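Below you'll find the structures, each written out as structure tokens.
Same chain, two partners: chain A is paired with chain B first, then with chain C.
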Partner chain A sequence: MTGAVAAVEIDGVTKRFGEVVAVDNVDLAIDDGEFFALLGPSGCGKTTTLRMIAGLDLPTEGSLRIFGEEVGMAPPDLRPVNTVFQAYALFPHMTVRQNIEFGLRMRRVKDPELSQRVAEATGMVRLSGMEDRRPDQLSGGQQQRVALARALVNQPKVLLLDEPLGALDLKLRQEMQQELKALQRSVGITFVFVTHDQEEALAMSERIGVMSEGRLLQVGTPREIYERPASRFVADFIGRTNLLDASVEPAGEVRLANGARIEAETSLPAGSEVSVSLRPERARLQPRGTAAAEGSSLDGQVRDITYLGHAVVYEVAVGEMSVEVRVEGETGQPFAPGDDVTISWDHGAAAVVAD
Partner chain B sequence: MSGNVETGLGPRTRRLLAGWAWVVFAFLYVPIAVLVVFSFNASSRVNIWGGFSFQWYGEALNNEVITSAIRVSLIVAAVSTAVSVVLGTAVALALDRYRFKGRRALDGTIYLPIVIPDITMAVMLLVFFAEAFKLIDTFGPRFTLGISTIALSHIAFNISFVCVVVRARLDQFDRTLEEAARDLYATGWQTFRRVTLPLIMPGIAAGGLLALTLSLDDVVISAFVAGPGSTTLPVYVFSSIRRGVTPELNAISTLMLTASITLVLGALALQRRRASASQQTQVL
Partner chain C sequence: MQPAGRASESTRASGEKAAAQAQRRQGMLLASPGALYLLIFFVAPLALISVYSFATRTSTGRTSLSGWNIESYRAIGDDVILGIIGRSAWLATLTTALCLAVGYPFAYYLATRPRHVRAILLVLVMIPFWTNGLVRVFAIRFLLGSNGPASALSESLGFGTFRILFTPTAVTIGMVYSFLTLMVLPLYVALERMDWSLTEAARDLYASGSRAFWKVTLPLTKSGIVAGSVLVFVPSFGSYVVPDILGGAKTLLIGSYIARQFRDARNYPLGAALSVLLIVAMLVAVALNQRSGSGAEGGDRPRRRRRGRARTEPEPAAVS
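Take a look at the complex of A and B:
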């Protein structure tokens, strides 16, 4: 990271399609060399944001800079970015080589530089020897590599990836996750990728921007997003969590809807209606009355048990609420439905989020 | 699995239906076979076989009226195909890509020449040319019916056919391919030239072959808008048949049949390539 100039700087960008607001006043700076994920459910505006960086959609309002240069209204062919499309969008009437050299030819790069760069890119994605095939003669994973090579061969300043792994099956997807990460590290180009898969975003990116309904809700490292979600939506969307209705008490304490007081840090003012996000794997389960003095606890009764092999998930009734507790690598005696238990967690394990 | 389980037909019904299919087939193709066979007849009597000969082909091609008609037909077919392919493709692109005033009206009426009867179209065009000539005459130059009016008329109906075929192709076109080209530094024109055009080319070519065939086959419209000394081959055949069928006409008809079949087979081959190309895009 140079830190000086952001690779991509989005400033108050709004995109409207007629009456529909697809992207709503988004501010975002993506650093040079960063692997950045735009994460959100479908229709949240993440793809539209990516398309505005590419120049395939133009912002209705706001400014967009790439390495300091204003490009908000520039056509896509004049932007130093390239895109890996969701379904790859390989040209079906061209061979692998013709696909890969398309961008260079448009920029009038001539041999020997042309063939050298095409060979480099082809080797980088391990497609050497397949240059003369047509896209329909390749597997999904190979097509994906062609799409990557076709974009990277142009040495863009920013590479945009729209759900790059969405069309692959699970095993291939996990392989490609590692490969993409390694590739990004070796080329050092800023990667911005769009995904609706939170695990993918957590596993691959250095920072994540979570979007919902056109708004950018939170930007942070995977750890920050997971451990310290800024809102109920983020806590719920990333991973599994228990969201317990609560309110902030004057002394900085938090009181759950059932009256129990728990320890939790919050900067929200007293009287705020909040939620407490408790990750199932951060909670412990003990027989009633044996809870440690440290941290917070809730008494409840086991209602349902799901055995997953590497973990057991208990559904515990706490008054009107239902709390999920995930016990990994279970030791000792398991609980049975109807057992009286105490759920406890360490100080700082639960996050208070605004509604 | 035997067929009768699937269709619920007994073996007798099946044999009956198969036999009937052959009767229909014969009904369609025996006249054509007779025509072709008698075009090689050495006798000058149309209905009496007098041995094999290429005589009538020779006589037909030595007949100046016939060769002139063939020339007119070929020129009209070439010109009307070339013009209607360009205009028809342009209209198809406009209707597919853009929302503009009157688009819906144009979308509904562009296909009209396909459905209205030839005779109506012929009368329409004749009246139109008469009025147009009256108007042009007031400015000086004098125009008459002839090869140019035939070509214009053929363009008028061929545009619709080309447009229909090209639009079918555009319907299956994946627009993200154009976005990918733009993203890879192609300008709008380069994108059209390198990506859009090659991918819709099978549709354009199929439309062109269809236009060529229709132009070569047309009788009614050409007969109305033709002028003295500019007859197309089908119009010549139609007018001379009133004086009786000659072996010469058999020979010409066989030539036209061969040309049409070749063109239709070409169009079919292109359609098939188009079908497999659309399967490709589905896999992608």
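Take a look at the complex of A and C:
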């Protein structure tokens, strides 16, 4: 937001498929050189948004600019963007090299530039020596690299990635996350990627746009999204959290449904029905009566314990509510079911979110 | 569980063998009625035809099975017969090309409709195919006749009446009509299986709509094109009913010529030799189809090998 022209600017874009509203009046600006994630559950409109940037779907309403140029209705071949498709969509009747050089050939790039750029892209994704194989002779990770090279070789202004790591197993996915980040830094191209995996979005992107039911709910850095969710949905979707029903009191205090008053900052007017989002790992557990004076606390009783190795998760009954507390690297004494405990957290650790 | 399983491994192995044997026997039992039918009504007549093709036609028009020779095959080299074969091949090629030109866009349209629409359209495609072929060819004859609606339409538009019945054009029209379904169905199957994200990828990589079609869609539906072409070419080449009804004397094709050998000329050996030739040509076409069919998908072969390996792998795992 430095006043420079945005890489992608989506302005009041709506997409309807018949009666279904897939994308509902979305405004979004993605900066030049940014690694941006569109995150949301399946069917939230994130892929449709991506496809509209690519030109594979056309918006029903609104305008879409790429580096200031209106492209909303332009066909995909006339847009300076390339896509890494969900299942890669590699041409099965072509070799790796033919796949990678496809875009350049379509734009009539000739040798020696053609082979030089193909070699560069092939080397960049570490596929040198595999140029003559066909896609079905490659592993999933290698296919993924071909898809990346096939898109990046064209030096697009924006690279779009549709669930790029979804088809890979966990270990490979984590490796590719690092690799994609490094790749984005080295090429300096704006990456827009779509994922339903919140951890992936947090780990990889500089900013995240959370979508649900066609609407863009919140845009922010991973930290902002995680620690200051704008709504109950965002708080619940990103990571684990305790959502405690509450209402805003006149003095800016927040009162939980069980009557307990807690300290929390909110700009919402008094009387608003809200939720307090308390992350399990931000809460502490102490024997009843030993809680520090600072911050907020709730008294409860341990109901259930889940041992995870690196952490222990306590389910604590607080009146009618159930609060999850996650103790990492277990310090202090462990608790047993039935123990009377006090849950406490620092000022600012809980977020108040509108329902 | 595991030690017990290991101990009884040898007995289980022999039991497995017996089960496989029983399964094989059962399979043979299931196949036997069909096999018997084919043996009596397909293999036997075919063998008879092959034998006849080496026989001699006596001066009285009978067929003598003594003294086998290849005279009938030599007779095929005759200019008249070669001309008939050439004309048949040309008309079959033309029919195939026209079926492809008409059938591809149609199959494309069909395959890109929503699922429920597709089902209805497919039935509509099949209806003429299920209708008696003879009736359909007579319908064409009526349509194209000089007193028929096509001619009347042309006259009312000021082009005058036309005479196309009993010409190669009429035969081609009739054959395209008769065999179009055979082209559309394999094309439909190929297009229906098409992964459209591939054409989207091509569009995304700067290919215009038409270039995406030529570079991606067409090569990936090659198997359907080849299969449809063989399915149309083979019956067109040997076609007998259509040229007989629509062609008249000027368009004598190999199918009619063979029929004439058996029916009128009473030259069974020549008819049989021509039939054998037709069958061999057909087998060659099918073999070529098979080969290009597996070549079309390129890396198909290694994949099949891998699949074969994968199939043997789970077995030991299932044992333990």
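In the analysis below, the second predicted complex is superposed on the first by the 352 of 355 C-alpha atoms of A that agree within 3 Å, B and C clash if a C-alpha of one lies under 4 Å from a C-alpha of the other, contacts with A are read in each partner's own complex, and residues count from 1 in each chain.
In this text, contacts are C-beta pairs under 8 Å (C-beta built on N, C-alpha and C of every residue); 3 or more make two chains touch, one makes a residue touch a chain.
Here the structure is a predicted model, which means the values were calculated and not measured.
Partners chain B and chain C, brought together by superposition on chain A, clash. In the superposed model, A:Gln143 makes contact with chain B only, not with chain C. Using the contact criterion defined above for the overlaid structures, shared-chain residue A:Asn154 touches chain B and also reaches chain C. By the document's definition of touching, neither partner reaches A:Thr342: not chain B, not chain C. Touching of chain A by both chain B and chain C, each in its own complex, is seen for residues 54-56, 75-77, 81-83, 85-87, 89-93, 102-103, 106-107, 135-136, 150-151, 154. Those residues of chain A that touch chain C in the complex are listed here as 54-56, 75-77, 81-83, 85-87, 89-93, 102-103, 106-107, 134-137, 150-151, 154. If you check the complex, the residues on chain A that touch chain B are 54-56, 75-77, 81-83, 85-93, 102-103, 106-107, 135-136, 143, 150-151, 154. Residues 195, 197-198, 200-209, 211, 215-216, 219-220, 296-299, 302-303 of chain C touch chain A in their complex.
Every residue of chain B that touches chain A in the complex is listed here, in rising order: 174, 176-177, 179-187, 190, 194-195, 198-199, 277, 280-281, 283-284.
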